[in-house]
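Structure below; questions to follow.
Chains: A, B, C and D, in written order; residue numbering restarts at 1 for each.
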Amino acid sequence: MVDTAEAEHDELSPARSAMIYLVLLVLTVATYSLSRLHLGTWTLVIAMLIAIVKASLVALFFMQLWYHRGSVRLAIAIAVLWLFLLMFFVVADVKTRYPLANPTANPMLVGPSGP
Amino acid sequence: MNELLRNVLFLPEQASTFARKVDSLHYFVIITTMIMSTLVGLTALFFFVRFRRRSETQTTPLLNPPWWLETMFVVVPLAFFLFWFARGYTDYVELKTPPKNSMDVYVQAKQWMWKFSYPEGPNAIGVLRVPANRPVRLMMTSRDVIHSFFVPAFRVKQDVLPGRYTETWFEAIQPGRYQLLCAEYCGTNHSLMLGEVIVLRPDEFDSWLADQRRGRALQQDGAPTADEDVTRQADLVRQGERFAVQYGCVKCHSIDGSPHIGPTWLDLFLRREELEGGQTIIADEAYLTESMMDPRAKIVRGFNPVMPVFKGRLAGPEAAAIVEYIKSLRSEPLEQARSRRPVYEPIRSR
Amino acid sequence: MLPESHVQEHFANMEVQRQAARLGMWAFLGTEVLLFAGLFAAYAEYRSLFHETFVLSSRHLDAIMATVETAVLITGSFAVVMAHHYARSSRSGMTCLSLLVAVGTGLAFLALHGIEYVHHFEEGALPGKYYHFPEIQTAGASMFFSLYFLMTGLHSLHVIAGAGVLAWLAWRASSGEFSRGNYNAVEMGGLYWHLVDVIWIFLFPLLYLI
Amino acid sequence: MSPSALDEVGFPEHHYLNAGTTVRSWLLTTDHKRIGVMYLVAVILALFLGGMFALLLRFEHLTPGPTYIDAVTYNRFFTLHGVIMVWFFLIPAIPSVFGNFLLPIMIGAKDVAFPRLNLASVYIYAVGAAFTTWAMIHGGADTGWTFYTPYSTTTSTVVAPILLGIFILGFSTIVTGINFIVTIHTMRGPGLTWMRLPLFVWAIYGTAIIQVLATPVLGLVLLLVGVEHLLGFGLFDPARGGDPILFQHLFWFYSHPAVYIMILPAMGVISETVAAAARKNVFGYRAVAYSSLGIALVGFFTWGHHMFVAGQGVFDAGAFGVLSMFVGIFTSIKVFTWVGTLYRGAIRFTTPFAYICGFLYFLVFGGMTGIAVATVSLDVHWHDTYFVVAHFHFIMVGAALMGFLAALHYWFPKMFGRMYHEGWGLVSATLIILGFNATFIPQFLLGNLGMPRRYYDYPVRFQSLHVASTAGSTLLFFGFVIIFIYLVLALKYGRAAGRNPWGSRGFEWDTSSPPPTHNFEQLPVFTHGPHEYQLAPEVSNAA
């Protein structure tokens, strides 16, 4: 049962890809200008949201995920999920660890270059 | 029953409150496992004998387990596993939260030896004396690689990280001598990094501590390694201070961190100094002694070379005393840590 | 006229072969994502530990040049999409041209990035023990630049590899090898280049904009 | 090594072994079967090399003090024992040897999806092995196979080449994993639905997912240690604010799924061999198939149970502990299913079945001690002691190696067309099972007593158990030597095995043994599953 072969015709048309290209450029400039506003913790959230939108645009249309069903989507979805899994547990460990077991509690750590 | 199982399983004696709890869970897990695996083994053996192949062309029925048997295969083991986990995890959380009234000891692990120092009292190499029936909290750090403080009799183990602090605690229940081992691989003599925890009766311990503080007890604890003989450091530091005043060092070197003619002595020990020539060195004992004897050899950037030469005026032990005094001038990160943030953060208040 | 078959003998037909190649490529892209996952986890940890220093150091980086680099890489991605379109419609001349444009954007990105590195070498904002940048002396600054050089360095290696692949494809396209029946290689090279772009889309804000 | 004469039992005239007998035809082959045989030779070499280091370690432990080597050599030996056994034997053992050989045959394909890439994986393995051997000759690292920082970044021993060797070897694993995933997805024969796939293929599919998703993180972490060791970037250097526990997180994110790369294929082998030995359908095919996937995916959530005492947060310890319990139930489903398969079967006691019994005993014993270690409080006492050493040797040597031996004996006739000597097979199986128990049961007790791992010298009270363990290890070693001897002899003098010596309904037994270069005279059409023993013997797929 080979995955459903997608029809030839509904591949990415040049017009649509040009339009997506422009959207990506606009988003790049937008993320740069928004970051200059220094909104504190919000800068990270906004920058990440824009990055996720750009990345999914590239993945879905430029990399034709939009037109291929099944296992290819699963493969990259699991890889991205594992990325967040690793980041979640590493940061959770640092946040919930015994506070003095963190690198910041290093008595010798005076300057950037250590003792 | 406890003693029987402990001997059968080759477990060391239970010398701490935590050991007793851990062993009871250990027995429960081992007994259930033994029963279950013998049952599974016997059924397999029975099937094997009962259903051995009689003829080459024999066909066997197509059998698939009914849904309830399938869920039994999942639910029964999972129930046991999660129950053990719940029990084990609560003990673990208790191990991670030292009680409020526990006595503090600072442990410093160094490649292949243990150093213990009591907040106000003496230091000891390789031998940790603790009172019985009183929780003892260990604040541990390492000077080079990861070590691990492991006392089998207490069932307690905690990795010791370089450059930061990890903590653990135990409450010994009976006096005695228990071996301390390093459990995290730390190099060539990892297997020689042994030590001893001597549990004394509370009154014995208090008298020992008092003796130590008065400095009268002259016998050294444990076998000091070659490069670090233990004299009564408290005396040495005081002598060093007297020499520093006598020879006028403190006229140019401040001891509270404030800028002065010479580099400040606060936190000077093991600090990375930027020299005139541009290269950086670590201010260890060798550098300190050398800059006393020949100050112009290494000038710290930003200071002019006005320091007089003390070669010939300072005797060896006097120089060593001043170095010890400089080493004692630390901005006490431990106290600072304790004051800056509450160190006792029990996950569950006890 | 059916082009002489490029189907390898153990595949049923061209469609199965293309589906196999595509799944294999996506699995490989999964490994690339996970290769960077370790670095993102390290970044997340040290960012949560040395927050102020990271913000201070990231403000020191040249965000404008990074924005230009991002635009350059996205242009490269667009060029590769066009190359894939031309290959599928058997116009090998245009395929070769757009592939060369993509290689050009890759080299431009590397050049801009090289300028940034030279700038950092001069002012001493280097990783680990080489760090002697006077302006930022708080704890963890050398950590930021260690991560900066590791992440952008590894990414630049991937840009070099991607540009190499696209150049090789352009050379093959110039001899008219790709056509409607056989454009697998262009699609696979394109997928790799798009992934390099996606990784930079995340590196750019994390390192430069926060 | 073409067979000497055409035997009367119908040894096939043309097959993949004599399809080209020049060395060049072997070195440049893209035939998955030849690549499987080449991996078999490499893997057995690695097994004996790693085993030799194990014996050297065990003899050093006969007496507490220095017995015949000094501390640094001992530290180098256990590092090399770990590195060779983990990366050069256990990880490639079943997937690269039997996965390569059998997967295309089992799904009715001519070859794997990317044959040239498959050959490349052999050469990548060879280059990785060359680097590690070079490092071994020049003294090797003394950091243990886990390379914990900051010791691994500050030691003066030869660390960088070994890291490079394993880094390169990682690509060989990734390439094999990608090859298998794509082959199973796109090249299944007509009529072969997912639910008719042999259980060995399911296990290889789960292993391939782990190989592809876990190995890149190992590549990165070894790269970081190498960069730290050579250039001093300070990522794990505590003086510069680095966090050694971050290294442990990244390392174990790979290494725990890696232990499932080692055990999952062995479970696949046992599912096949139990069905063949009992001539009965596997008791709950769907449960075993899905638990292979379950182990592959949930295996990624549990790496923190290696770091309960490393200074990890209490929240992480709890999360990883619970998740480790869930990954345990997939193994228990499989064990109950295998025992259930014996019910109302027609069991014949052969060497593979002896290894099945050994496998089941060691998997239950090793698995339960794993669950016991995952109850967080018990791990505090057991971590980094010989208890953990015994636990993972029960799983790796006990279960994974028994699975490898079961596979080797079960598919030996299919790979080489000849039968091994049954009597010697049973003798060596008993020797290995007894020797193994004598080696590792004392180590469980050593762990309870509190003997830490990687100790060159040890307090005297542990000596009696160490001597017992060393005695057991010699027994184990002789078991392997006997196997090596009679299998090599069987290559030449074994009687011709014929197409299906076990009377198994697996798809690989429908082609001749050894199979022709393109696996089948004509491509099979699949009408039913691989374990349909309720049908009469002559009705089979090859009709």
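Here is the rule we go by: a residue touches a chain if its C-beta (ideal position, glycine included) is under 8 Å from a C-beta of that chain, and two chains touch if they have at least 3 such contacts.
Note that the structure is a prediction, hence the values are computed from the model and not measured.
Novice: Looking at CA centres, what chain is most distant from chain C?
Specialist: Most remote chain from chain C, centroid-wise, comes out as B.
Novice: Between A-C and A-D, which chain pair shares more contacting C-beta pairs?
Specialist: A-C is joined by more C-beta pairs in contact.
Novice: Between chain A and chain C, what is the gap in Å from one C-alpha centre to the other?
Specialist: Centres of chain A and chain C (C-alpha means) sit 14 Å apart.
Novice: Roughly how many whole angstrom separate the Cα centroids of chain B and chain C?
Specialist: A distance of 46 Å separates the two centres.
Novice: Between chain B and chain D, what is the separation of their C-alpha centroids in Å?
Specialist: Once rounded, the distance between the two centres reads 37 Å.
Novice: At which residue positions does chain D touch at least two other chains?
Specialist: In chain D, 181, 185-186, 213, 217, 237-243, 245-246, 249-250, 253, 311, 314 touch at least two other chains.
Novice: For chain A, which residues are shared contacts with two or more other chains?
Specialist: Expected reply: 2-3, 71, 75, 78-79, 82, 86, 90, 94-95, 98, 101-104, 106, 108-115.
Novice: Where in chain B do residues touch two or more other chains at once?
Specialist: 96, 161, 163-164, 166
Novice: Which of the chains are touching one another, listed as pairs?
Specialist: All chain pairs meeting the touch criterion are A-B, A-C, A-D, B-D, C-D.
Novice: State the interface residues of chain D toward chain A in the complex, per the touch definition above.
Specialist: Spelled out, the residues of chain D in touch with chain A are 181, 185-186, 188, 193-194, 209, 213, 217, 237-243, 245-246, 249-250, 253, 297, 300-301, 304, 311-316, 319-320.
Novice: Which positions of chain A touch chain C when the two form their complex?
Specialist: The touching residues are 2-3, 5, 11-14, 17-18, 21, 24-25, 28-29, 31-32, 35-36, 43-44, 47-48, 50-51, 54-55, 58-59, 62-64, 68, 71-72, 75-76, 78-80, 82-83, 86-87, 90-91, 94-95, 102-104, 106, 109-113.
Novice: In their shared complex, at which residues does chain D touch chain C?
Specialist: 109-111, 113-115, 174, 177-179, 181-182, 185-187, 212-217, 219-221, 224, 227-228, 231-235, 237, 240-243, 246, 249-250, 253
Novice: If you look only at chain B, which of its residues touch chain A in the complex?
Specialist: 96, 139, 161, 163-167, 267, 270-272, 280, 282, 333-334, 337, 341, 343, 345
Novice: In their shared complex, at which residues does chain B touch chain D?
Specialist: Residues 9-12, 21-22, 25-26, 29-30, 33, 36-37, 40-41, 43-44, 47-48, 51-54, 56-65, 70, 73-74, 77-78, 81-82, 84-85, 87-89, 91-93, 95-96, 144-146, 148, 150, 152-153, 155-159, 161-164, 166, 179, 181-192, 194, 347 of chain B touch chain D in their complex.
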